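You will see two complexes here that share chain A, one where it goes with chain B and one where it goes with chain C.
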Partner chain A sequence: MFFHIVLERNMQLHPRYFGRNLRDNLVAKLMKDVEGTCSGRHGFVVAVTGIENVGKGLIRDGTGFVTFPVKYQCVVFRPFKGEILEAVVTMVNKMGFFAEAGPVQIFVSNHLIPDDMEFQSGDMPNYTTSDGSVKIQKDSEVRLKIIGTRVDATEIFCIGTIKDDFLGVINDPVAI
Partner chain B sequence: MSIVTDSPVHSSSSSDDFIAYLDDALDAGSPNSSSSDEEAENGDEFESVRVKRQKVEITEEIEGSTSEGTMGLNLEASVEGECTHPGSFGDMCIRCGQKLDGESGTTFGYIHKGLRLHDEEISRLRNTDVKNLLCRKKLYLVLDLDHTLLNSTHLAHLSSEEVHLLTQADSLGDVSNGSLFKLEHMHMMTKLRPSVRTFLKEANEMFEMYIYTMGDRPYALEMAKLLDPRGEYFNAKVISRDDGTQKHQKGLDVLLGQESAVLILDDTEHVWMEHKDNLILMERYHFFGSSCRQFNLNCKSLSESKSDEDETDGALARVLNVLKQVHCTFFDKLEEDLVDRDVRKVLSSVRSEVLSGCVIVFSRILHSALPALKKMAERMGATCLTELDPSVTHVVATDAGTEKSRWAVKEKKFLVHPRWIEAANYFWQKQPEENFVVKKMQ
Partner chain C sequence: MSGEEEENAAELKIGDEFLKAKCLMNCEVSLILDHKYEQLQQSSDDPMNQVSQVFEKSLQYVKRFSRYKNPDAARQVREILARYQLAEFELCVLGNLCPETVEEAIAMVPSIKVDIFFFSFV
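Take a look at the complex of A and B:
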């Protein structure tokens, strides 16, 4: 799920960046530091959308660095247990398949794949129904339900299932 | 938290609360969390939830994508039976999502980071996979990298006679045609063994192949890219020393296949202590001088002598024939059910035909080397005697002047150097005895 929230961060700036472009440098550094990172509470920071407020800078004792408290608005992405997500399949093997929803890695084990889908190995390993009507292979899009999430320092891992109603491959009308 | 609509700074605490509340609400709807005792609690939660939701609507700052419908998530806990926790991904059970702190099971990091499987699941997967493969007439083949399929050296270890190779390296752009590669970022040069691509292509029809090397994972993946640029053979099947369960030993426990259907191709025997019966020992490929020096061999390496193994008759081509023979015997000549057949038995029966019919007596062999040599000869089907008798066909000696050697020459029996036995072991064929003449020691 995506959120648009306000976060705060203390940015340290080297005096070489002071001057006319101080604020721009600060904003650029903030974006470089924060976009693409992950935290347990908020999930992945996808993009910084605006700066709310830059506080007064405080010179640190001992070094010449200055700390600015910056409040910024950003879009964050965090998966929740119980949430339904669409994801793209990245790897299919005999244990299940791995899918990605943006920066989140999701694993759907074959215990949580409907029983009528069988694993077919070969050049393009896939899961297919007995009548061949539904096929899950690399780059397929699937709708899955998250049943567990775990946040690491840099990544979020999830366990998913497609065993419920309305879950599974998303039919692409454009495909041949 | 109070509703402050005129504050210039939107605090993030309300969004934190919303996140926490969402966590609880969605959690309540999933199978493992609520039991009937907690029905009352959930009722209360929803009371406070309704209050919070009002606050959210007033401040109008949150743009979550949830609809109100999700708040009415089913509280009924659809209780499935006790989950057997077949494995974990990122420390969560792959079936019920519960946090598992276990150390049980085996890590399969080479398939995907963070994947762990527990023992029953591993055996279940092994059984299904083996049945699947046997139906498609395939067995498993585990390949070693260094000195078996290729030879690598650090750029710093190139001798003066090899420096010219740096300019002869094939381009990394189109890997499928080259055999000598310079990997700048790893400071290495790698030479693929002659006819390795034909070998892989033909072996792929008969086997599901894995790479198992004692190198680290980045090295293993780089080599896999050179051998298999399109990812047809070794996709998610590259096992490095970081994936093994024992230090300095290779094992088939990280392989999802039955031991009775696995063949191993490696140049080192002592790393496969538990699986010697599955092993086909390969002659080492010493292309670079550093490789010869590593094994204390004083001869010139292949690059230093400006030569290479033969394309059509090299070690890989010969081993491919052995693999074809074993494969053919396994699938066409055995009579039991597919799942009861054992490739190890087939391997030893093929091996015992190499020197079958030979009766060997040893003379003046180094005492420490004798038991191994004898065992090697016997595994290949030869009979080893200690005393001369008319049935003897070969005398294996290091000195042509011993009594047994002279007897062999007199009786027109074959007198060969012990290397004749070792050659038969590598070539899987009896070698012409004329190439292994023994000289008289002075």
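Take a look at the complex of A and C:
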């Protein structure tokens, strides 16, 4: 789920950036440092939307670097266990399928795919019901429930299921 | 760490920080990211080089799964859903998934079961 939250970070700036453009340099460095990163607590930082506050800089002992505490607003993506969301299938194999929801990858094991769907190998490996009415293959859109998350150093990985009610392949949504 | 083990969106156990935070529906994120991308286009020749993979993937995702292409529609949806005593998280899940029946809505957002009293009068 996407959230708009305020985060804080201590930014260290080299003296070469001091001067008229100090704040611009600070903001540019912040965006470069923080956008695209991931933490277990806040999830993926997708984009910084604004700077709320830049505190007074503190000169570090022994070096000329200055540390500024910066409060900024950003859009984050944080998947939660128990959350239901829509994702795009990226790979299908006999163990299950991988799907992507934004920056996060979700694996759905074949044990958590309804029993009436069977794996079909071939050029376009897929899971299909016995009557062929429902098919899950690469680029299919599915609605799944996250049942577990694992946090790595740089990303969050999820396990999902489509075995519950109202989960599975999505038919084309009507755009309003 | 123990907080994360109890985490369960179905019971709205997502931590105080996120319960009180502003939650965004896919269409709203799409507007924000589009705006940011335009800003980047104005300030440099090659915006694609400047954005992270996370940004790109998120932008593709919200564009594909935006239910409401029109920003006014998105605003109206939020306005309507805000009339019920829903948490931000519940509101956004409903806005994103658009359940067609009450059963589906309860399956998508089990934590609203306590609010079924309100829904039955709609």
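The rule is short, and it goes like this: the second predicted complex is superposed on the first by the 172 of 176 C-alpha atoms of A that agree within 3 Å, B and C clash if a C-alpha of one lies under 4 Å from a C-alpha of the other, contacts with A are read in each partner's own complex, and residues count from 1 in each chain.
As a working rule, contacts are C-beta pairs under 8 Å (C-beta built on N, C-alpha and C of every residue); 3 or more make two chains touch, one makes a residue touch a chain.
Small disclaimer: the values here were computed from a predicted structure and weren't measured.
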item	value
Three-chain arrangement built on chain A, chain B and chain C clash or fit	clash
Touched partner set for A:2, first chain B, second chain C, both or neither	both
Partner chain in contact with A:111 - chain B first, chain C second, else both or neither	first
First, second, both or neither for A:52, with chain B first and chain C second	first
First (chain B), second (chain C), both or neither touched by A:78	both
Which superposed partner A:88 touches (first chain B, second chain C, both, neither)	second
Touched partner set for A:123, first chain B, second chain C, both or neither	first
Touching partner for A:147 - first (chain B), second (chain C), both, neither	first
Partner chain(s) touched by A:103 [first = chain B, second = chain C, both, neither]	second
Listed stretches 44-52, 62-70 or 98-106 of chain B, narrowed to the one that overlaps chain C	62-70
Shared chain A surface residues [contacts with chain B and with chain C]	1-5, 41, 78, 80-83
Partner chain A, residues of chain B touching it in the complex	8-12, 15-16, 18-19, 22-23, 26-27, 29-31, 62-66, 73, 86-87, 89-99, 111-112, 114-115, 117, 125, 128-129, 132, 232, 236, 256
Chain C residues within the chain A interface of the complex	4, 7-11, 14, 17-18, 21-26, 28-29, 32-33, 36, 51-55, 57-58, 61-62, 64-70, 73, 89, 92-93, 96-99, 103-104, 107-109
Residues of chain A defined as touching chain B within the complex	1-8, 41-42, 52-53, 71, 78, 80-83, 91, 93-96, 98, 105, 107, 109, 111-112, 121, 123, 147-150, 152, 157, 159
Residues of chain A touching chain C in the complex	1-5, 35-38, 40-41, 44-47, 49, 75, 77-78, 80-86, 88, 100-103, 141, 143, 146, 164-166, 173, 175-176
